[in-house]
Amino acid sequence: MEFTVGQIAEVLRGTVEGDATQPINRLAKIEEAQAGALSFLSNPKYEPYLYSTGASAVIVSRALELRQPVTAALIRVEDPYTSFTTLLEFYQQATRTGKRGVEEPAYLAASSRIGENHYRGAFSYIGENCEIGRDVVIFPHVFIGDRCKIGDGTILYAGAKVYAETVIGARCTIHAGAVLGSDGFGFAPQPDGSYRTIPQIGNVVLEDNVSIGANATIDCATMGSTIIREGAKIDNLVQIAHNVEVGRHTVIASQSGVSGSTKIGDFCVLAGQTGLAGHLTLANRTTVTAQSGVGKSIKQEGVLLQGSPAFNLRDSLRANAVFRHLPDLERRLTLLERSRTEPEKP
Amino acid sequence: MEFTVGQIAEVLRGTVEGDATQPINRLAKIEEAQAGALSFLSNPKYEPYLYSTGASAVIVSRALELRQPVTAALIRVEDPYTSFTTLLEFYQQATRTGKRGVEEPAYLAASSRIGENHYRGAFSYIGENCEIGRDVVIFPHVFIGDRCKIGDGTILYAGAKVYAETVIGARCTIHAGAVLGSDGFGFAPQPDGSYRTIPQIGNVVLEDNVSIGANATIDCATMGSTIIREGAKIDNLVQIAHNVEVGRHTVIASQSGVSGSTKIGDFCVLAGQTGLAGHLTLANRTTVTAQSGVGKSIKQEGVLLQGSPAFNLRDSLRANAVFRHLPDLERRLTLLERSRTEPEKP
Amino acid sequence: MEFTVGQIAEVLRGTVEGDATQPINRLAKIEEAQAGALSFLSNPKYEPYLYSTGASAVIVSRALELRQPVTAALIRVEDPYTSFTTLLEFYQQATRTGKRGVEEPAYLAASSRIGENHYRGAFSYIGENCEIGRDVVIFPHVFIGDRCKIGDGTILYAGAKVYAETVIGARCTIHAGAVLGSDGFGFAPQPDGSYRTIPQIGNVVLEDNVSIGANATIDCATMGSTIIREGAKIDNLVQIAHNVEVGRHTVIASQSGVSGSTKIGDFCVLAGQTGLAGHLTLANRTTVTAQSGVGKSIKQEGVLLQGSPAFNLRDSLRANAVFRHLPDLERRLTLLERSRTEPEKP
């Protein structure tokens, strides 16, 4: 793919300063860009790179005043970051998510329906009685079980596994190896110490614009639904247990785990490797820092939590600061004890 | 699927109070159930829902005495929970695990044998010289390497990966994306700081009634076998390293990791995100709480562990309680020190 | 497979003491070996097993002086451990990694090239414009996206998923279910609290001799490359985020996570379940103990870190030692306070 600076400026409704005929064949960060690359400047902190970059062109704000001469052509727009993101989207669609057509062999049960303008890669599998929207992209080795529903424009990357009866909204992204609908971990202890498996007959529901990371696992509900609400973003290797609800626009970073029946509010953030116990409720805008473990419900909105077990971030930071010099604290205590029992020196 | 209340009562050998002709088309929790649903009441705590539920019918104990009138039909049985679990099993078999037949293309090496009454989904793969029992359910994209043995009635969900020479018992459940038999993490340091890979030529053995969660990984032994004993339940995204042994009816919750050569006893419980160091022995009935890390062997049975590094649960709870007000402790200590050096006020 | 002791000695250039005609059909640890097995003795600690082992033959050092009579045949070599590892390599190649040929159906886009002497398992998929070397082993259900490059002798186990434009060096091992090139977790917060996805258009680069564990996930860079350098070993279920660099011969154990843009030096060791925050730099030979969380860059080489948040290992061990008896510490403090306010006893 190759475009001129002028062609790109036209798409972005920007104005060009410098040579509009230069060819652009890739996008790059301003500090790494070389000839042929288009970059952008949004954060003022990076402005020094503008004067030294090897990029052929840089997208900048209409308001930017140059302090030094530049060698790159400039494309001036209202919001460079948004304009650049638009180009990234074009690029990703051209190289990865814009696939269409069917590669054989692909398996589609006769009882299932799928909308037009879709891609089904070789060795993809769609079971019985599925209803799948249009513009859907299904990479090779994707498994979609019986009676699933998938909305328009959703992308399932290679080897995503969707158990029967899962419901996926529109414009969702499911990354490679993610599993939706595996059995919840439910076992009834028996008198002899063994366990009887409790069949899990519920399903998983993803609302619109949900993203699920590579090799993440979302268990189906025992009965009813495990629900991931609109716009929630779930990272690689995250575990969501049965009957959990994840609120709207909540973000869960990699390797975090949410135990059964816990309800997470809207706009929450769980950093990496966090854990939530079961049957909790987290209020909207709760933030949990990395590697923390939450064992109690949070009723107040906007709380920041840290630690395992987690409590208030500020208190946790303070306690950790003292923890580091605990041996010193003990020494001081021992000194005091000794001075108490020994006579004071004159 | 639709049955009448009377038909279901007959299967459960229960007696009906109310309209036995009502149609039932799903199972639901008593607090969420609506018309057409069958629910159950086992825990007395939920009895109030019996008088307000929208369920068409509820399974209750023969011994239950009604305190108010009910609108739902009642099916009276000895043990409502067990009866309901039986219905869940029927339901799951009808909707998911009862599949039979072969979908093409499916790969089965000519040298392998598989028993009757099985399912092999499209794009499933069975390598050379395998011996697979009857009533086995193999979903699409399952990989079974050469010389594997699989017992009767085992289910492998979509995309489960079984390396060569793995042995799986009867009535096991392997969830989507689980990997059995990947190489143990064994590397011999070389004088130049690089590593030489130690080939891992052992295998994985799962005894009967074992359950492995989605995207869990069980490494093969360096030599000999990594063994998961009868009835053990392993959750999603768990890592079991080479030469580990997991005891009978031991439960390991999601995202836990067990390092190489560690032997876990029978009837143990590892909660979520726990870690065990290598070459340990854990006695029977050891319990490890969530996010804990165990670095030492446990010889006494029935111990409860917490923390990272983990120790006795009771002591850990007490230490954590003090940890939270460490800054306060330090303040008190500083005060004492000052009062020691300053003259006491009269 | 069956060889005589003499045949094996010839391969290893060793000399036989005892019956060279005995048949050997497997390799085993000296403490577990039985008739038909070949074992080795390297660590002097295990010498007692030499006199009691059931092995038919044992590889020992030329320098070893026997203290008791042995029943097993001996194969004397310079370095028993290295000789035994060589046999393990032969064995693994014969049983698992030596596969050659193509099983149908396998998908190979016409625009892609692959070198000679390779294996492509049934249901493996290779997209457009790939360049793949010779002696490559591609197991069933492997997905290789468009425009990938893969070096000679690399092995991809069942169901490994390689997104478009990934570059993999020579002699790499990618285990089952590993995902290379999934989108980095990049989302730009919008004024209404929702997120706009930042397309991730970079790729993943693995240099030579890299090993990636089962179900591990390596995200592509936002722009540029996520890089795993020569000889690095990454275990099962590890998460490597976008734009990370892992140094040469660095080892990352199971379930560890590295956040975006962090650069790990050469010869580092991350134990299991560790976490690194984003945008850090770790000097060469940094060691992080299990379950630790690193939040700051490490500039000095050879540092050992422990804890969450992590600090110097020695200090962390000492702080943890005091932590365990915090309730006792508090009691002692309270006693002192009381004695301060009460009149001293005569």
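For clarity, chains are labelled A, B and C in written order, and residue numbers in each chain start from 1.
Please note the rule applied: contacts are C-beta pairs under 8 Å (C-beta built on N, C-alpha and C of every residue); 3 or more make two chains touch, one makes a residue touch a chain.
The shown structure was predicted, so the numbers you read here are calculated from the model rather than taken from an experiment.
Q: At the chain A/chain C interface, shared numbers over all numbers used: above half (same) or below half (different)?
A: Different, since most residue numbers here occur in only one copy.
Q: Degrees of rotation, nearest 5, to put the Cα trace of chain A on chain B?
A: Answer in degrees: 120, to the nearest 5.
Q: Roughly how far is chain A from chain C, centre to centre by C-alpha average, rounded to an integer in Å?
A: Distance between chain centres, rounded to whole Å: 26 Å.
Q: Could you pull out the residues of chain A that touch at least 2 other chains?
A: Residues 105, 123, 141, 159, 177, 215, 237, 255, 273, 291, 308, 323, 326, 329, 333, 336 of chain A touch two or more partner chains.
Q: What residues on chain B touch chain A, complex-wise?
A: 27-29, 32, 81, 85, 88-89, 91-92, 95-96, 103, 105, 121-123, 139-141, 157-159, 173, 175-177, 209, 211, 213-215, 231, 233, 235-237, 248-249, 251, 253-255, 266-267, 272-273, 290-291, 308, 320, 323-327, 329-330, 333, 336-337, 340
Q: Note which residues of chain B are touching chain C in the complex, please.
A: Within the complex, chain B touches chain C at residues 105, 107, 123, 125, 141, 143, 145-146, 159, 161, 163-165, 177, 179, 182-183, 185, 187-188, 193-201, 215, 217, 219, 223-224, 237, 239, 241, 255, 257, 259, 273, 275, 277, 291, 293, 295, 308-309, 311, 315, 318-319, 321-323, 326, 329, 332-333, 336, 339.
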